[in-house]
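Labels run A, B, C, D and E following the written order; every chain starts at residue 1.
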Amino acid sequence: MLRISADKLDALFGAVSAKQKLYIPADRADGEAAFTEYAPGMKLTSRLNTVRSAKDFFFPQTENLVEFKLEGKKIEINDIREECDDFVIFGVRACDARSFTILDKVYLSDPVDTFYKNRRDHGTVVTLACDRPAETCFCQTFGIDPTAPEGDCSVWRAEEYYYFKAITAKGQVFIDSAASLLEEGNAAELDSAVAKTKAVLEKLPLANVSTKNFGGDKLNEYFNSDKWGELSESCLGCGTCTFVCPTCQCYDIRDFDTGNGIKRYRCWDSCMYSDFTKMAHGNPRLTQLERFRQRFMHKLVYFPANNNGEFGCVGCGRCLSKCPISMNIVKVMKALEDK
Amino acid sequence: MNNDTLIPYVGVVTDIRIDTPDVKTFRVEAPEGGKVFEHMPGQCAMLSIPGVGEAMFSITSSPTNKDFMEFSIKKCGCLTEWLHAMEVGQMITLRGPYGNAFPVETELKGKDLLFIAGGIGLAPLRSVINYVRDKRENYGKIQVIYGSRSKDDLVDYKEIIDDWMADDGVEVDLTIDNAQEGWDGHVGFVPNYVKELNPSTNKTVLVCGPPIMIKFTLAGLKDLGFTETQVYTTMELRMKCGVGKCGRCNIGNKYVCKDGPVFRFDQLGELPDEY
Amino acid sequence: MQKAMIERAKQLLADGTVKRVIGWKRGEFAYDITPAVFETAEELDRDFVFDDFTAANVSKYLVKESRKEGRVLAFLKPCDTYSLNQLTKEHRVDRGNIYVIGVPGGPKLDIEKIKGKGITGILGVKNENYTLKIDTLYGEETMPFYEAVLDKCASCKSKKHVTYDELMGDDGDILESNRFDMVEKLENMTSQERYDFWRSELSKCIRCNACRNVCPACTCENCVFDNPKSGVSNKAAADSFEENMFHIIRAFHVAGRCTDCGECSRVCPQHIPLHLLNRKFIKDINALYGEYQAGADTESRAPLNNYTADDCEASIVHERGVE
Amino acid sequence: MQVNDNKDFQPLIVAFCCNWCSYAGADLSGTNRLNYPTNVKIIRVPCSCRVNPMFILRAFQRGADGVILCGCHPGDCHYTSGNYFTRRRMTLLFSMLDFLGIERDRTRVEWVSAAEGAKFAATMNEFTEAVRKLGPNRRLEDLRCRKQ
Amino acid sequence: MQRIGVFVCHCGTNIAATVDVKTVAETLGHEPGVVISQDYQYMCSESGQNLVKNAIKEHNLTGVVICSCSPRMHENTFRKAAAAAGLNPYLVEIANIREQCSWIHKDIATATEKAIILGRAAVAKVHLNAPLTAGESPVVKRALVIGGGIAGIQTALDIAEAGFDVDIVEKNPTIGGKMAQIDKTFPTLDCAACILTPKMVEASQNEHITIHSFSEVAEVKGFVGNFQVKIKKKARFVDETKCTGCGLCTEKCPMKKVPNEFNMGLDNRTAIYIPFAQAVPKVATIDPNYCMMLKNGKCGVCSKVCSVGAIDYKQQDRFIEEKYGAIVVATGFNPIKLDKYDEFAYNQCPDVVTSLELERLMNAAGPNGGTLLRPSDKTHPHTIVFVQCVGSRCDDSKGKPYCSKICCMYTAKHAMLIREKYPDTEVYVFYIDVRTPGKNFDEFYRRAVEQYNVHYIKGMVGKVTPKSDGKIDVQASDLLANEQLHINADMVVLAAAIEPDKTARPLATMLTTQMDTNDFFTEAHPKLRPVESATAGIFLSGACQGPKDIPETVAQASAAAAKAIGLLCKNSITCNPCVAHSDELMCNGCSSCEKVCPYGAITYIDKEFRMPDRTTKVRRVASVNPAVCQGCGACTVACPSGAMDLNGFSNSQIMAEVDAICK
C-alpha cells in the first residue's frame, strides 16, 4: 500500500494544491476545525471532525441559481451556471463520506440537480479513517465502518505514516498527482492501528444504538407516538442541528432584488423553522412538535421508506454536540423505542 | 450544461379572463408562440414574477390544447395579488411540468367519470374534463358536479354552459351555497348535492375543492357505496423546488410535488394526517 | 443541592402549589443536559439534574409555560432571574403563574472548553476540589476547573437573585466583573482591526438562529427576520452584509433589554462571541446614560425608551477612541 | 492612514430629514440658492425618530456611501421628544457600527432648524466631502447590489 | 398593477432652467407602473391641476407623482386636486425638484439626473401608498393667550368679540406688559397709558375673558382643537377675590426698600405692592423675597390693615387645568442685559440708562413725577447722548444679529420730547443707519432733526467714561466728518437691543413649536402664514415672533385672533390620517411603544386570538388611538417586532425610497 510519512504531508498537499484547489480540515482560532483552502504551512487539525460538515462543498449554504432582468413587462432570464473547477477535499471522515451517498440519492435522482452534480463531478473526496472516535460517534449504527471510509480515495494514519488507497478513478488521479512523494509501505502496521481503533469502537457509549426498530414500515406507529410532545418541548426551533448535519438537504428558493436585477438563489432551510411550510392560507406544521417530528421522521422513517431502507443519518454526532439544548437523534431514537 | 429544472422559462400572458371576483384565468404562451412545455392533466407548473415570488399552480388547460396553457388563479397572497394585477403582454416565468397526473391513459380509460369540484377546485379538474371531452371515444359517461359560494363564484361558467353542457354524454350539475337572484339551479353544499344526485357507483371519481368539502364528499361517497380506490383527488402544500428535493411538501414519505399532487384516496389513507 | 431541589419540587407538586416544574433533564453523557418540564415525582427522581453543566437559562420557556393552566415552578439561577424580571416587565410572562425558587448560580462548565483541550471520548466529568477528573475512552484526563468555566460565568455580573418566591442556598451579591474587558480591548483597536476581527467572526455565522431563539429578550411573536413583510427578512447569510445586518439589528433590538445572560454565545455552534455586541451596547449605555442593568427591576424605563435633555450628541462616537 | 482624497469619487449620500425642521431647512437652503452637492438625496420623514436603524443599514446595503440624519434641535422637536429618542438610538447605533469597524465618518446626526438653510447647505457640503475622502463604502455594502 | 401618473412641473424657469424637465418626464415614464408621464409649465396653476385631474380620470390612475416644488408648498394643492378627480388624496407623492434640486444645483446634467432619482423614489413610494381616510376630532371652543401685553390683550379681545371664551395667562401681577411702561408712542406722541389702560379694563370686564395674572403655563398636552393645559397660579398671598385694590396695605407696609421693577428699579416699592395705579387686576401681591412676615414670621401689618381680610400668608402655588382648542403665544420681549457692554459704563454710572429706563424717568407716574432728572443727583441734564444699536445688528456673541426695529423711532421720539420740554438740553444721537420705514415715520424723524435740532451723528460711540465731576465723557467717531469727538454729557441713553422673553424657550418646548436661533418663534411660513406656528393650533402674536412696534403688534395680534377664531368656529377638525397602527398579530405587548409616545396615544388591550390550530390565546396587544396620535413614528422604531408602522411613512415605503435612491 502506498504511504507517506506524516512529516511529508505538507509536500503532498503542496503537490495536490498546485494542480487543483485543495481543502483540508484545519484548526480555527476558536479551537474548532473547519475545511479550509490549503495554503502552505497549514496543518491538518487534530480534532476528530469539523463543525460544519463537508456537504458544504456540494451543497453550499447559499448559491445563485439564475438571474432575471425586468424591464416594463419583459423578463430576461440569465443562466449563470458555469462549469466548476476541479477540487479535492482531503480528510473527510467516513460519516461525511456516507452523507454524500445520501445527498446523491436526493440530488442526482431524476431530475438531476445540475448545480449539485456539477460540483460532485469535479470534486474528489479523499477520506481519512478515524483513529480516535468521540463519545458522540455512532456511525456504526448506520453500518458505517469509520476505519474503512468510502470516497474516491481512502487514507489511514498509522503511527507516523499516512496510507492511501484509491477507490475510484478520481481517487487514482489524486494519488497520481502526488505519486512521486509516495512510497510502498507495510500494510501490517496499518492493520494493527485499525484493530486498535476497532477496539475503541466497541466501547463507544453509543455503540449499542440500533436502527432495528426504525425504517419505512414504522410510519404511522412513530408518527402517532405520544413521545413527540415531551421530546420537542424544549426545542428552540433553531436550525443548528440542520445546518451542521451532513445529510440535511432541505432548501429554500428566494429572490433578491439587487436594484439592477433579480438574483434567484437557494439557501439552506430548516424544517425546524416555523415558516418552513407556511403558506398564504395556513400551515400544515403549526407547532414545534410537528416540525421536530418531521426532522426525525424524515431521517428514521421517510428516507428509508423511499431509499431501500437507507437511513438519513450517518451518526456523525454533530447535532449531539451542537444542539443548544442537547436534544438529538439518539435521544429521540431511544425515547421512541421505549414503549 | 444540461437544462436544470430550477431554471425557468419565460412565458407571455396573452389573455386574461375574469372568472369571478377573486379568480382570473391567464393564458400563457411562449414568447415565440405556442406552449412553453407539454403536460398531462393534473400536472402543475411553478409560476413566478421574479422578485415577487414563485408558487405552484395547476395547469387548467387540457394538453389537447396545442396553442397555449391556462392557469386559473385565486387571489390569496402576495404573488397571486401581483398576478391578478397583471395586464396582457406581461411576461412571467414558469417551470414544470411537475408532479404526476390523473391516470387518464391508464386507470381512467374506458371508465364512466364523475368529477366533483368546489370553488377554485375546478381548476385542476378542468384540464381532465377537457381532455376527456376531446378524447370522448376513450371514456364512458361524464358527470360533473360543481358548486361554489354563489353564481358569481363559479369558475369557467361560460365554458361550462356553452361547451360542456352542449356536449353529448356530458352531464353537468351546478349548485351554489345560498339562494340568489337570477339563479334557478340547485342550491346547497356540494357533498349534499352529490348524495341527492346519487350517482352510480361504477363511476371513477375525481374530487377537488376545499379540504372541508373533500372530507364530507368522501364520507358521502362512501355512504353511497363508493370505495376509496375509486376516488382521486389532488393536493396542495407549500412547495419550493417542485421536484421533491427541497423537503417541505411531504406528507409522510410522499412528496406532493413529485409523488402527487394526484392521490387516490386509499393511498392518502396510508399517509400520516399532516395536510 | 440537586437532591434538596427534587425534594422541594415534589413537595410543591404534592401540596398543589404548582402543577409543573421546569428544570434540567440529564442526557446521554455527563454534560448534555436538556431543559425540561416535569409533572410527576417519578420524572423528577429519574431525570432531574442540577450540576456543573446546568447552564441553560430556562426563563424563556416561561413565556409559554406561564400561560398554561396551573402554576409552574421554575428553578432560576441568579442570571436567569434577571431574564425573568425583564420578561415580566415586558408583560411576556405571567409572573403570578410562576413560582420561582432561586438556586445558586455557577460557575457552570463549558464542555466545548474541555473538548478544546483535545480531550475526547468523554464518559464522565467529576469536580474534585476544582480539578476536573475527566473519564474518557482514552484514559483519565485532568484539567483545572476554572479553565473549563463558561465564558458567561467567568465574567459573572451578579450572584444576586432579583426575583424569587423562595430561595435555596444563600443569596449573593452584585459582582465587580471584568465583563467589559474584551469590549474595551476591541475599542482600543483601529477601525480596520475591529473590522477584520468581526469579519472573521461573523463570516462563520451559519444563520442557524440559535442565538436568537435562545435569547430571553427575543420573544417576538414574529421576528422581523422571519417576516417577509418587514423588508429585511432573510434566511441565510447570503452576503457579508446580511451577516452584519442580522447581528447588528438583533443587538439593537435587545439593546437596553439584554440582561447579559450570555446564552447567545453559549449556544453559538461557531463560537462567535455574540455577547460582545450586546455588551458593547450595555457599556455604552452605562457610560452615556448612567448605569443600567436590564432585569434588575420590573419598573424602570429602558434606556432607549428614555432620554434627558442633556444627553450627549451622536457625534460623541466620532470624537472618541483611536484614529 | 493612507492619504487619498478620492477626488473623482462621487459618493452617494442619503439624508433623512424630519418634515418640520430639517426638511424645511433644506427647502430654505434652496430658496436662498445655497449650493450643496447633487450627491445628497433627501428622504422626508415626519420626525427623525421615524428613522429605523434598518433604513440606515439598508441604504448602505444598496450602495449609499454615507447616511446623514437631520432633525430639529433637541428641545425643538415638533413632537416634543422624538429627536431625544433619535439621539440615543443613533448614538448607540453609530457606536455599534464603529465597533464593527465601519468608518465612523459615514454616519452623522445633525440638528438643522427650519431657519438654518445655510447650516443645511454647509453641513451637506462638509459631510459629502468627508465621505468623498473615505471613498466607496466597502465594509457595509452588499456585493450583490454593487453596480457593474 | 399600479397605474401611476408622473407630472413634472417647469415652475416657469425655476425648475426648467436647471433641470431638463422633458428628460425627467421621459425617463420616469419608463419606471414600473408608470402609465403616463407629462411635463407642464405650472403644474400648480388651474390648468396644470386640470391636467392632473384629467389624467387621473382618463388613465384610471392609482397613484400620482408630482415633480415640483417642496411638498410643504403644494402637497395640499395636489392632494385636493386628486380628491376632486376621485383619487384618494394620500395616493399623491411629491418629488421636490425645486428647493432640493433646481435651486441648489447649477449643472443641468447632474441636476437632471438627481431630479430623475428623486422622481424615481417618489414613484417607488407611491407604489406602496395606501388610500387613507382622515378622521375627525372635536374642537374645544376656548382659546388660551399666553402673555398679557398689548398683543395678548388685543388677541383676547378680538377672540372674545367673536363670542369665544378666552383665557389670558400673564406671569406678572398685572397685564399691560411693556406698553404700560412706555410714556408716549411714536409717531403720534399720544400717551401710551391713555390708549392701553382702557383696553386692559375692557379685557378685565369682558365676560368671555378670564385673566390668570401672576400665573404661568406649566404643562401642555394634546393637540390642535384639544389642548390640555396646566396653569400654575403662583401664590400672591392675597386673595384676589377679596382684595379691593384700596392700597392701604402698600402704604402701611414697613418694608419700603424693594426695587420697583415697573420703574426699572429706578425707585422703590413696598413688599406688598400693586405694580401701578391702573394695574389689572388691581390687587396687591406680596413679594416673598422681601416680606418680613413670610421671611421670618414677624410683621403682619398688611393683614392687620386689610379691612376685607384678603391677606393669606399661607397661600400656595395652585395648579388649574383647562382645555383649549387654540393657543396664542404673546410672550413679548425684553431689552437685553447690558452687562457685557463695559465700554458704555452702564453698570458703573447711574446716569447711563437704557431707553426703557428713560421712558420711566420721563413718565408722569415715574420716579420723578415726569420731570427728567439725572438718577445720580436728581439734577437737570443739559447734554444727553443717545447711542443706537447697542447689541443690535451685532456680529459678535455679545449682542444680537438682527435689527431691533423700534429703536430708531423711539430715540427720535425721546429726542423730540426732550427738546420740546427742555429746549436748553442738547441732544446727540449716534447712529449707524436711521431706519424709518413706516407710515409717517420718516416725517417724524425729519421733524426731530429739522424742527427740534437734534444732533444726529453717523458714527460709533467708542467709550463712555464717568468723570469725577459727575459729567460723562463720551468718546465717539463722526464717520461723515471723519473725526473723533468727545462730548461732555450729563446723561447717556442706550438703545438696547430687544430679545424674546426668557420664558419663551421652555414654553416652545411645551408647545412643540419651533424657534429660531434667537429664540423668536418660527412662523409656519415667513410670507404666507406669518401668524401661525408650524404646530397646528398654535398661533403667534406680537414680538415673540420678531421685533415689532405697537401698530404692527396690534395688527398681528388681531391676525392671530382671526386665525384662532377660524379654528374655534369649526365643530371638528380633520385629523392627520398618517398615524401609527399596530399589527396585532405581531405585537408582543411589550410596552416599548407606549413609553416613547409623547401623546399617550397607545394603550393595551387583552385580545383573544384564534390560533390556526383552532385554539384561542389571549394576548396583550397595543392599540393606537388615531385621534390622539400625531404620527411622529417614535413607536415604530421602539417596536422590535415591527408590529408598529406608520401610515404614509411605512417601513416598506421608506425602504422603497432608499432602494430607489441607491439604485
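FYI, a residue touches a chain if its C-beta (ideal position, glycine included) is under 8 Å from a C-beta of that chain, and two chains touch if they have at least 3 such contacts.
What you see is a predicted model, and the numbers here were worked out from it, not measured in a lab.
Under the contact definition, chain D and chain E share the contacting chains A, C. Counting only chains that touch, the fewest steps needed to get from chain A to chain D is 1. Closest chain to the protein centre (all Cα atoms averaged), using per-chain Cα means: D. Inter-chain spacing, taken between the CA centroids of chain B and chain D, is 54 Å.
Mean C-alpha position of chain A lies 40 Å from that of chain B. Distance between chain B and chain E, defined via averaged C-alpha coordinates, is recorded as 70 Å.
In chain E, the residues that reach two or more other chains under the touch definition are 596, 638, 651, 655, 659, 662-663. For chain D, residues touching at least two other chains, in rising order: 53-54, 58, 62-63, 75, 81, 85, 89, 142, 144-145. Multi-chain contact residues, meaning those touching two or more other chains, occur in chain C at positions 224, 231, 238, 304-306. Pairwise chain contacts present here: A-B, A-C, A-D, A-E, B-E, C-D, C-E, D-E [touch as defined]. Listing the residues of chain D that touch chain A in their complex gives 62-63, 142, 144-145, 147-148. Touching chain A in their complex are the following residues of chain E: 30, 32, 611-613, 659, 662-663. Residues 82, 85-87, 90 of chain B are the ones that touch chain E when the two sit in their complex. Listed in rising order, the residues of chain A touching chain C in the complex are 28-32, 46, 48, 51-52, 61-62, 132-136, 200, 203-206, 230, 233-234, 236-240, 242-244, 252, 254, 256, 265, 267-270, 273-275, 320-322, 324-328, 330-331.
Chain D meets chain E in the complex at residues 12, 14, 19-21, 23-24, 26-31, 33-36, 38, 41-47, 49-55, 58-59, 62-64, 72, 75-82, 85, 89, 113-116, 121, 145.
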